[in-house]
Every structure is written in C-alpha cells, then in structure tokens.
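Okay, handing you the structure first.
Every chain is named by a letter (A, B, C and D) in the order it is written, and numbering of its residues begins at 1.
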Amino acid sequence: MQDYLGRLKKGTLKLYALEQELTPDEAVKVRRTFIEEETGADLAPLGKYAIGIERVVKRNCENMIGTVQVPVGVAGPLAVAGEYASGSYYLPLATTEGALVASVNRGCSAITRAGGASVRILRDGMTRAPVFSCRDVVHAADTVRWVSEHTDDLKRAAEETTRHGRMLGIEPIVAGTSVYLRIAFDTKDAMGMNMVTIASERIAVLVEEATGARPVALSGNVCTDKKPAAINSILGRGKTVVAGIGLSDDQVREIFKTDAATLAEVNTRKNLIGSARAGALGFNAQAANIIAAIYIACGQDPAHVVEGSSCITTVDPVPGGVYVAVTLPALQVGTVGGGTGIDTQAACLAMLGVGGGGTPPGSNSRAFAEIIAAGVLAGELSLLGALGAGHLARAHATLGRG
Amino acid sequence: MQDYLGRLKKGTLKLYALEQELTPDEAVKVRRTFIEEETGADLAPLGKYAIGIERVVKRNCENMIGTVQVPVGVAGPLAVAGEYASGSYYLPLATTEGALVASVNRGCSAITRAGGASVRILRDGMTRAPVFSCRDVVHAADTVRWVSEHTDDLKRAAEETTRHGRMLGIEPIVAGTSVYLRIAFDTKDAMGMNMVTIASERIAVLVEEATGARPVALSGNVCTDKKPAAINSILGRGKTVVAGIGLSDDQVREIFKTDAATLAEVNTRKNLIGSARAGALGFNAQAANIIAAIYIACGQDPAHVVEGSSCITTVDPVPGGVYVAVTLPALQVGTVGGGTGIDTQAACLAMLGVGGGGTPPGSNSRAFAEIIAAGVLAGELSLLGALGAGHLARAHATLGRG
Amino acid sequence: MQDYLGRLKKGTLKLYALEQELTPDEAVKVRRTFIEEETGADLAPLGKYAIGIERVVKRNCENMIGTVQVPVGVAGPLAVAGEYASGSYYLPLATTEGALVASVNRGCSAITRAGGASVRILRDGMTRAPVFSCRDVVHAADTVRWVSEHTDDLKRAAEETTRHGRMLGIEPIVAGTSVYLRIAFDTKDAMGMNMVTIASERIAVLVEEATGARPVALSGNVCTDKKPAAINSILGRGKTVVAGIGLSDDQVREIFKTDAATLAEVNTRKNLIGSARAGALGFNAQAANIIAAIYIACGQDPAHVVEGSSCITTVDPVPGGVYVAVTLPALQVGTVGGGTGIDTQAACLAMLGVGGGGTPPGSNSRAFAEIIAAGVLAGELSLLGALGAGHLARAHATLGRG
Amino acid sequence: MQDYLGRLKKGTLKLYALEQELTPDEAVKVRRTFIEEETGADLAPLGKYAIGIERVVKRNCENMIGTVQVPVGVAGPLAVAGEYASGSYYLPLATTEGALVASVNRGCSAITRAGGASVRILRDGMTRAPVFSCRDVVHAADTVRWVSEHTDDLKRAAEETTRHGRMLGIEPIVAGTSVYLRIAFDTKDAMGMNMVTIASERIAVLVEEATGARPVALSGNVCTDKKPAAINSILGRGKTVVAGIGLSDDQVREIFKTDAATLAEVNTRKNLIGSARAGALGFNAQAANIIAAIYIACGQDPAHVVEGSSCITTVDPVPGGVYVAVTLPALQVGTVGGGTGIDTQAACLAMLGVGGGGTPPGSNSRAFAEIIAAGVLAGELSLLGALGAGHLARAHATLGRG
C-alpha cells in the first residue's frame, strides 16, 4: 500500500493506472486511501460496497474509490395495462428526499384502485445529430438534398455498424452553413446512445465523402442529449409514452380528500398556465422526481432526467370524475448496457421483471418505459391531490375562522 | 419473519408500518423479503448496505428495502479560485456511464495546468411560487399591488418561520386571474426548498387574509422546480454561478490535440447554433452529466439536474488562445439536510471539505457550488476538445486518402 | 424629370439625394418613376396618396416612392373599464385579411353586452440591453457588482438624456464574459425605444469608464426587441396589460352558439396544451391579428407584433358562466413619435381619443394599451366561440347522421 | 346621408349592412361619417384613398371606413441568386420607422457589391393542426395509428377540396387525450391558410367518422399560426429559406467601417448568446423589421411577422473575411389572394416581378420568399455592421482619451 501511495504522490504512478497492477478491489482501496490522505476526509463508508466491481471498473466508472449507497424504497403495487407491461408492479425508488416514496405510493394506490393505468408508447427512437460545416448556403441545401436522396444507402451503411439497431430516419436541420442530420435509431433494449453515435460516425464519413460537407462535431446538440429542448418534445427522443387513468368523484374524494374540479383547477393554474408563464418546457408537477429515483435504482443514465422533465400532465373533467394523463415525449431507458448489469441495479430491474434483453428484442425496455410512465402518473396524481387538498383545507380553515 | 410476511400478504400489516414494530434493519429486511416473494426477484444485493439507516428511514426514504450502490470515481486535482472555494479538489463522481470520469479528469487536468478556474456566484436564492386565484383581473392587479406595498411585512412574517433563512424578495407574475408570487430566500447552507415552502405557506395565508385571493397550490410552477424554465435562467434559482479559464494555444494543442479556432467553432455550431435550432433551454455539451454525478455522490436532490442542464458554455477567441466559460443560472445545492447526512454521501462532501453548515452560514454551500461549476467547466472543455480533435483527425484522414 | 432620371441612371445622383434638390412630392415622383423604369412595373397607385409628406420623408421613411393603402375597418363599440381608458370605443383595424374585422366586432359586441372589459396595466417600462465584453468571469462579476452599487448614479446620468423619461431599473444578466444590462425606462407617451437607446448609450460609456468592460453592441438581444423571448414575458417590455370579462351561460349561448364548458375546453386543448406541445411562447388564438391591425392603423411599429403574440388567454369556469382573460406581457405602444403623426394614422388615434401626449404624460399611451388589450380580448372570445360552435355544429351533424 | 346616420344611430341599420344599400364608396363614407360623429374625430384623411374598393369590401375588410396610408421606401438594387428569383431587385418597404429603409439599403449595397445573395428554399408547406379529444390515452394512440395507416386516403380526400394544393404529410402530436394532426400542404402561390384549413376540415370529418375522436377545434395551436413556436422553427411552416453572402475583409471595412472579427463577435454575443440568455426563439438583429415592411407593402398577412422573427443569423469567420447567413424557418407568403390584389399592394408585388400566380404554379411565391430572405440578410448585415462600427468608434474614442 505504502509503495503505491508513495508512487502516486511522487507522480510516478497515475491514479487511473492502478488497475493495471492491482486487482480491482485493491486498486479501489489504494486509490481511496490516497484520496483520504490528500483530502483529509474519512472515506471508509465508500469502501463498504457489496457489488462485484470487476466489470464496473472497466465499463462503468474510471478512477473508482468505492460506492455511494442510495436508499431504495418501494411504491406499489401499481397496476399497469400497457402493450409491453401488464400486471402489478412494485417500483424501486432510489432517493434521499423524504416523502417522495410515500407520495408515489399514494398515487399507485389510487391508480390500482381505479383499475390500473393505461399506457401506450407512441414513438421509439434514440437520436444523434452530427453537425457539418458547408461552404455556403447553396452547399448546405445541396447536402440536405443529397442526404434525402440517399437515405436508403445511409441506412444500409449505418445498420452495418450494429447487430440489433435499425435506422428509422434522418431529419435534416439547417442554420446558415451548419447542417445537422438528426439520425433516429430503434435501439431495442439498449438505451442506445453509443449505438446511434457509432452509426452516426459512419454516416458522417459517407456524407463528407459524397458532399464535401465537413463534420464539425459528432453531436451538434440537435440530438438533443441532456439539455431541455423542444425538438425532443416534438419529434421524440427515446420513447414517447402516454399513460392515463380515470378516477370517479368518489375515488378523488376518498383517496385525495379533494374533488374533481379542484384537481382540474390545480393542474390548469399550476401545470399549464404556471409553466407557460415561466417559459417552461415542462408542464408537470414532479415527473423528474419519479424518473430520477427509478433511473438511479435501475442503472439508467441519471442525466436523462432532463428530458424526462418535459412531461405534460393533463386533467380532463369527465362526467362523474376526471381523466388524468401524463405524456412523456422523451424517455430514454435501457435494460441492457450502462449501469443495468451492476448487482444492485440489476436486482431493481429484476423487481420489475425487465432485466436484460427482452423477447422479442426491445420488449423489455418498452415494458420498462411503460412502467415508468405509470409511476410518473402516480407521482402527478399524488402531488396534485395533495395540493388540491391543501387548498380545501385552507379554505375550510378560513371559513372556520369566520 | 414469517409472521410479518403473512400479515403483509393478508393486508393486516401495511408495508410502511413495519418500522413501528421492528428495528429499521429488521423492517427493511422483512420488507425486502416480502417484495422478493411478490416479484420473484432476488434482491439480496440491495440488503448488503453499510450505511446507518436509523435516520434514513425517518428522513430520507419511506418503505426502504435496502440500497443501490453507485460506483464513485474521482477526477482531479482541480484547481479552483472562487470566493468560497479556493484550492485544489478531487471531485467525487457517482456514475455508471463509462468514460465520464475520464472525460472530466482530462478537463480538470487542463484547468489545473492553466492555473485554475475562476469562479463567481452572481445570485443566490431558492424560490417557491404559490399560485392564487382571483375573482377577476382587477382583483389580480389589486393583489399584486397589495403585495408590493406590504413586502416588508411579508418578509418579517416569512422569516419568523425559519432560524437561518432571509427573504430576498417577491416577484409577482400574473396570468388572467392567476397570481403567482415567486418568493426568493437566502437559505444559507441548506438547499432550502422546505424552508422556502414553509415560508411561502405563511405568506400565502397573509395574502389571502388581506386580499381575498384564494391560494390554489403552494407551488404554481413559476418557482420553477425540476422543470426546465426560462424564468430560472433569467432570474436564477438556487445559485447562479459562472466559471472560466483561459487556455493558451499551446495548452489547447497539447492537452486536447486541437486548436483554439476549432474549439470555438465546435462551441458555436454545437452549443450555440445547434441548441438554438433545437429550441433548447440549455446551451452546453454535457453539464448535466457532471452535475448528476456530483449530486448523487453528495446526497443532493438528483431531479435538480434539470435546472443544472440550462448551463450556457462560451468560448471566446482571445489573442494567443481561448477563454472558455460556463454559466449555470440555477444550481441548487445544500451541505446540510436532504441526503447530505448519509454516511457515504457525507464522506463525499467531506472529500470537498464542504460537509455540514459553514462558517459563516452559507459559505459551505457556496463553496460547493463553486466547485461544481469548475467541474462542469472541466467537462465542457473535455468534450469540446474531444469533438474538435475528432474533427481534425477526420480532416487528416481525409487529406491522407487524397 | 428626364434630367434627374438620367443622372440617377448614370449614378451621378443617388436615389436618397433627391430630396436635397426637389420638394418632397417631386422627389417621391421622380424616384417612383425611376423605379418604374428599372422594374417595368406600373407604380401609379402608390403615387395617389393624400398624406402630407414633408415630415414623413425626414422622419418616417427614406427613399420614399409613395404609399401603400391599407383598408381600415371598424369594430365596436367596445366598452372598456380601465384605469386610463374608460368608455366606449370603436377600434380602427387596418387589415387585408377578410373576416378579421367581423370577428373582432362580434367579440366587441359580446364584451359590451356583458358590461365591458376590465383592464389593468401591471408594469410599464421600455427596455434596452447593451452587451459588454469582459476579460474574464471575475471581471464580469465585478462589473455587475459595480453597476448594482452605482445604479443611482447611472439613473441620474441616464435621465439627463431625456426630458420625460425616468429610469426604472437595471437588470444585469451574465453569460461567461458577456454582461448584459437590461435597462428599463418609463417613456411616458412615447413607445420609447429611441429614448432608452440614447440613455443606454450614456450608461454604456459610464460603465466602460468605471469598469473597463468593453461595449460590444448597444443592443445585446436581452432587451429583447422584436424577437419572441421569455424574458419579455417574465419581466415585461413596454406595457404588461391584463383584460378580462365575465360571461354568463346565457350570453355564451346567445352570442357564440356554444356553452361555457366548450369555451373552456377549446381554450385548454388549443391555447394551453396545444401551445405547450408546440414549444410556443404564445398561448392565445389570434392576439397577433388584432395587434397588427391596430398597430398599422395607428402608426405603431408593426414589428412589435412579435412581442404582442406572447399573449396568454385563460378561460375560467365560474358558477353560471365563464371568466375569460388575456394577459399581454409586452405591449409596446406610443401616441407620440414614430408613425403617429402621419395624417391617416393620427386620425385613427384620434378615433380612440388617445392622439399625442396625454395629461399627465403617459396617460395616453396607457389608455391606448388598455384599449388594445380589450380588443385582443374581443378577438380571443370571438375565435374561441367560433371554434367551439363549430365543434357543436359538427357534433350535431354527427348525431343527425346517426 | 342623414337618413343613414339616423338609422345607424337608432340601431335600425347595422354598420356592416351599409354595403347592402349603397355602393362601396358611399357605404364607406357614411360609415366613416358615423364614426366621426360618434368619436368626435376628424377622419377625413382616411377617406382620401385611391384604391378600388369593390373587391376590398367583400374580401379584405368588413366595416370599412377608408384607408391608412403607409409610406413606402425602396431599398436596392439587391442582387439575388436563388432558384426562383435571380437578378436585381428594388425592395418596397412600407414603414413609418425612420432609418429602416436607409439601413436595409446599406445592406443591399453591400450584398450587391459582394456578388449577390445566394438563396435556397429548404422546405415549403403551410400547416394546420386540428385538435381532437379522445376517450383515453389508448384511444389517442389508436387514433394516431389509424391516421398513419390511412394517410393516403386522407391525402386523396384532402386534395379534393382544392384545385392546386397538394398534401405533403400529417405529423401527429399527442398530449394525454388530445390528438393534434399537423397537416402540411403545398399551397403553390397562395399563402394557403384558407386552403389548408378547408382541407383540414375534410380530414377532421373523416378521422372522426373512422376513429370516434371528437374534433374540438380546427386549429389546435400546434399549427402554429401567429404565435412564436419551436415547432415551426423545427419542422417549418410556409417556406424555410436560407440566404447567405461572403464578404471580404476589404468589403467589411469599406462598407461597414468595422472588421470581420468584430462582425462575428457582435453576432455571437448579441444574436446567439444574448438571445439564448433571454430565452428567445429568435436569434437575429432585426429580421422582423424587414419582413413587416415588405409584408405591409405587398399585401401579406402582417401577423405572420411573428413567425418571421424566428430567423437565426450566423456569421462564420472564413479566410479573408466572413460568411453571413440568415435562416428563416417559417416564412409565410403568397402572391395571390389576401391583400395581394389591392392596387397599391399589387404594384409593390409587380415591382418585384412576382405578382399573381407563377408559371409553374408556386414559382412566384417562392421567388418572393427568396427575395425577402435576401432582404432580411441585408438588414442583418447592416445592423450588425452599425453595431460593430459603433463599438470600434467607441474603442477609438477611448484610446483617444488616453
């Protein structure tokens, strides 16, 4: 140990090189000890992990010093009626924010009592948009035209780079001399960003050869990855999912201690008008909370919570009650790859019955997306209900004072 | 065990009630076993946690069944020159996305070699915006007027609800009969959402009493919490932080294998024009990645990655090199409360020297925000550099073919 | 004539120089004739104008060749109950889009029958935001701090550049090394863009002298002038106006042949959810139509229709009917300056009783803004009603088929 | 006259009914006189029009009382190299904003000296998006599926409603139970909103019959008409046009008294970063000014300036100079219908050689769009140049002071 620490301090050994000389667990320990000495912090808690890290240090995390442990609570059972997920589920929610699990749980119970959430996937395609520089606007227009006329060739070439993926289309966007080709792929059970990036690289080479347009960056932000963007809401990225549930007046009253008109009013003034007035791209109460908690539990890329937050929640007054729905334009999930194979994360996916590749391919990630959408619906219902009831409570208190 | 499982199955014992009869560890174990039986999944990995959960089950997570373990890697050392953070830091990054730590690490090394990132906090205030319903637009205008004329009274009342917080102001926004009061608080070392919510409740009661405006929801989405929203970019939410670094041509060439003009071009075509063309509210390469990784490591609310993703990255050509900066309009962090007290998360905060309340109050959360901003700068530099170098590599290959 | 045409053709006389040698009417005629010869078009209709152009060629339009005549229709009477406009008005609408006047007229009649539109101005300030370049982010932060600490000095200096204007405040926005100072002015009866630009120039000089921040452009687009921008919706630009009207179920039925629930549904699915789903910054049916028509009639800057289009329309279900409101965050109008003095435009302003400077200053432009907001409300009501009735008509037809 | 005025006052004659008893000119006169008496304003100037109003009162403007006269200036010659417009043009600009014509003129002269603007149309399709209400989210998904599977049938039916139009496609957007079908039409030389609305009505009926989805409004704001909306920037509405010009360092210096680097910096800090920071959907300097002026001169719908303002302006540094381009995602124009047939407006279109229907159909409106884009480019160049020169001037002054 001292030897390694000495070399690290002298700089003759690099932090990232420890795994070349040591087993993963030893390397992690030495590195953690080094950081402890450098920072004076006691990092012992990080060292008490229970996951196998052989693959983790190669695939998931460089310069590993241990793990952080995030509490996982369950909400459910949640009845879901999707095309891929059908049945009753317990949601694993990794969170440190008190009350979140309880809130989602209440929503699950409302949905289940009301017969289960209907869920449908409307679109499914991961995207990547390399940006090219053209000589002038005529060159830009010609490049777009060439791409449109050779989409089939590009599709063939792109699909040679992947076993499972299927190219769905290319949407060209131009700004002056910049040409963005937003390439969409069906990436089956993988979240698919790597897959579509590799395919995009192939396409970029072909486009450059044929048109002379110069690739500037493999990602030109028209993708749009991990930034809130209207293009994802409009054209989708990952899975576009919609989930809904009808609640009778009695159910609203019993479960949420409020009434249908109040639920609708809260949604309109908060999620629709409030968000509009704030210049928001998300029209929901707390979609990001639920998505973040499930993503962390299930080994998803947590930065994709950004796109998840563009959810729009609607509450329709209907005879005898309300119909509440959530629309998630851009939900990026995978059941293979990324963090899905780590022991604890794999266990959470197993809880939902969606771990690994599905049969047929793609069915697991779609089932997963459907369950998440139902979970988001539960979170929305619960928070809208709580806000509505607070309003009524206050109203009553006010009357009482009178 | 069997007894509890039996009662859970029969429904005579509720999942959330286990802690009333059992120690936290036992309750978590019974609950996990129950979920295993219900779902058929092996959840053993979730049970091998090493954190103390006495407080966790009360404050951080209901219905706990164990923990998920997220690998933590380090990037650094990162030299930071802020007003609160000053020195060299190792960043704890909790992530399952391979290459992220390595990418940030490269950026840290560039920044440190170039003398360290300058960082400044421009604004600091957590917000909450209750929404009120008015009878008509005249009533809405009168309500706003009353609030403007009684801001001092409201401030006094609001500050009675908290030991540390200080009300900074109230921004009224009207849409027809809906009045939103966006209340901003200096919440010191706490992220502060609870604090400002409680204060908002007090304010809401006073506004209702004085004006008759009816509170509809304590959060009217003008806050805006966990939804991408222009209002947060413009007026700030949490901390508005800016970080920058100058790199010489030589440094760009040596560290990133590209040149200043290419860095600038990639930033313009990708982060500025690409994002503009996508209808985005974020103008950066990967800010969300870094923020998510630090937030999860340090017990922050991961859904706040949404606001973090509104970062804008700029690359100025300057004589002899470039000046690269990131502007984070809405970074919500705390060093007390939330998940900051859990063993592993507390250790990560300790690594940065910012755990717990600072002296003076607020200085720890501000130092933390400055470090994060520098980390985001590292991530941006690294990805822009990689994209730029890829471009040059391809350019060279193309020439080689000729 | 031939002499001038010859010199114009040879290039020895510049088109813009004609007024130096000729009376305005002659200059316009020669120029028009020249353009006719160059283009082969018969431009005689442009020459039959009836306005006095002495001042027009100096102040409103260079290189004048005549006028275009835009038909003006009237809608009204429209009952308005504002703080500045109170009474019954006929709206002058300059338009070539058939059905627009009729549509607004129907709305006016509904409003008037229901007792008149309530209108209030919530904010009033024209803005301009010069952008400065700083050396680095520390310099940027220091510049903002200096401005905050010297706002009173800057206000004093700025107000020396104008007789009427009063500086309301400076909102600093930073992006990396760019500092934007969004300066707001009460410009009284003038639309005020020139006034605030001149004042901004003065401020820019002082800021540069004191801080060394280098002015890059007098308008840095954070103003934001004539581009749709959330900042204008949130902080206002020009006048923020809200107008509303309550309609009983009977009124909805009689005037619009639909019912309250349908009006509310059309507004929710179209103006709120539809706009949200389109990534829009405007949540209304046709606000731009009414604003454009009044602006052209009354000599306003028609490019400001852009900001006008950010209107949000709300329909609240209330016992026995609906309450409909429009909120115009950024309405830029003036009753002096710009095109307001041209004979026909001045006549249109006179129709509304708001021509020229008001007593007290600012009261005319405010009255004008209130009337416009009421006109927009009329247009919204009318179009929502028509869409709602169409829906019912179709519903009836469908039933009839059965 | 007195008889009519008396009946109008008594209410036994409606204002809109005057044309049933009188010639258009007499009707307009009586109506104007009535309004004069009601308002006390002298409206004589409105009565001195020179256009034939037989068709105007039927097609363009109800309740006509005269015309407003807007000064028209010319800018040019402007060299344009498009696919439909090729040659040298004088732009008719109807405006009351002093300096606008001069500004555009300077830009035209720069473009022409530099060889003319290249222009290309990238997309062309007018859109309308009716909104339907579904029973639940499953019904919504089924409706979208049905539409996708029957697009050919719907296209056939839609095209029966028009002689010229051709349906280009249907983009379905879902939000909960709301289904929006964004229908795109090639409307040839007409701006085409009426055409696509009529076609949409036909489609709505068929969709309702087949799926049971209930049409709520013929326009569901996903179109998006006259509201700033990202969907139009991304998918286009009307014509998507790009125009560009290369300027050498010498040309920049001579014409604009500034240099290439300054032009680029102004564009980056103002049009890109400033707009980004303002939450804008438009990234340009003054596109709306030019579009408004040409639209009013040429009888276009001036409320469409809203979509025009979403222009993005780019300035690329290139060896020896700059390449400046404008991208107009959504330019809605027509050379037949609307106000294009009114005498003065028709004359302005004739000036550009694009009046009436083109051969082949569509070529005139496309040529018109190309010319407008070149005009916008002129306006951008000119304002960026002026801002840049102002900056240099100040810089020099500052140095001089030293």
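Here is the rule we go by: a residue touches a chain if its C-beta (ideal position, glycine included) is under 8 Å from a C-beta of that chain, and two chains touch if they have at least 3 such contacts.
Nothing here was measured: the structure is a model prediction, and the numbers come from that model.
To find the repeat of A-C among B-D, A-D or A-B, check which pair has over half of the same contact pairs by residue number; it is B-D. When the interfaces B-C and C-D are ranked by how many C-beta pairs touch across them, C-D comes first. We define each chain's centre as the mean of its Cα atoms; on that basis chain B and chain C are separated by 38 Å. In this assembly, the C-alpha centroid of chain C lies 16 Å from the C-alpha centroid of chain D.
Multi-chain contact residues of chain B (touching two or more other chains) are listed as 133, 173, 175-176, 178, 230-231, 234, 273, 275-279, 281, 283, 312, 314.
Those residues of chain C that touch chain A in the shared complex are 230, 233-234, 261, 268, 272-273, 275-279, 281, 283, 312, 314, 317.
By the touch rule above, chain A contacts chain D in their complex via residues 118-120, 122, 133, 136-138, 140-141, 144, 173-178, 230-231, 234-235, 240, 242-244, 246, 279, 312-314, 316, 323, 325-327.
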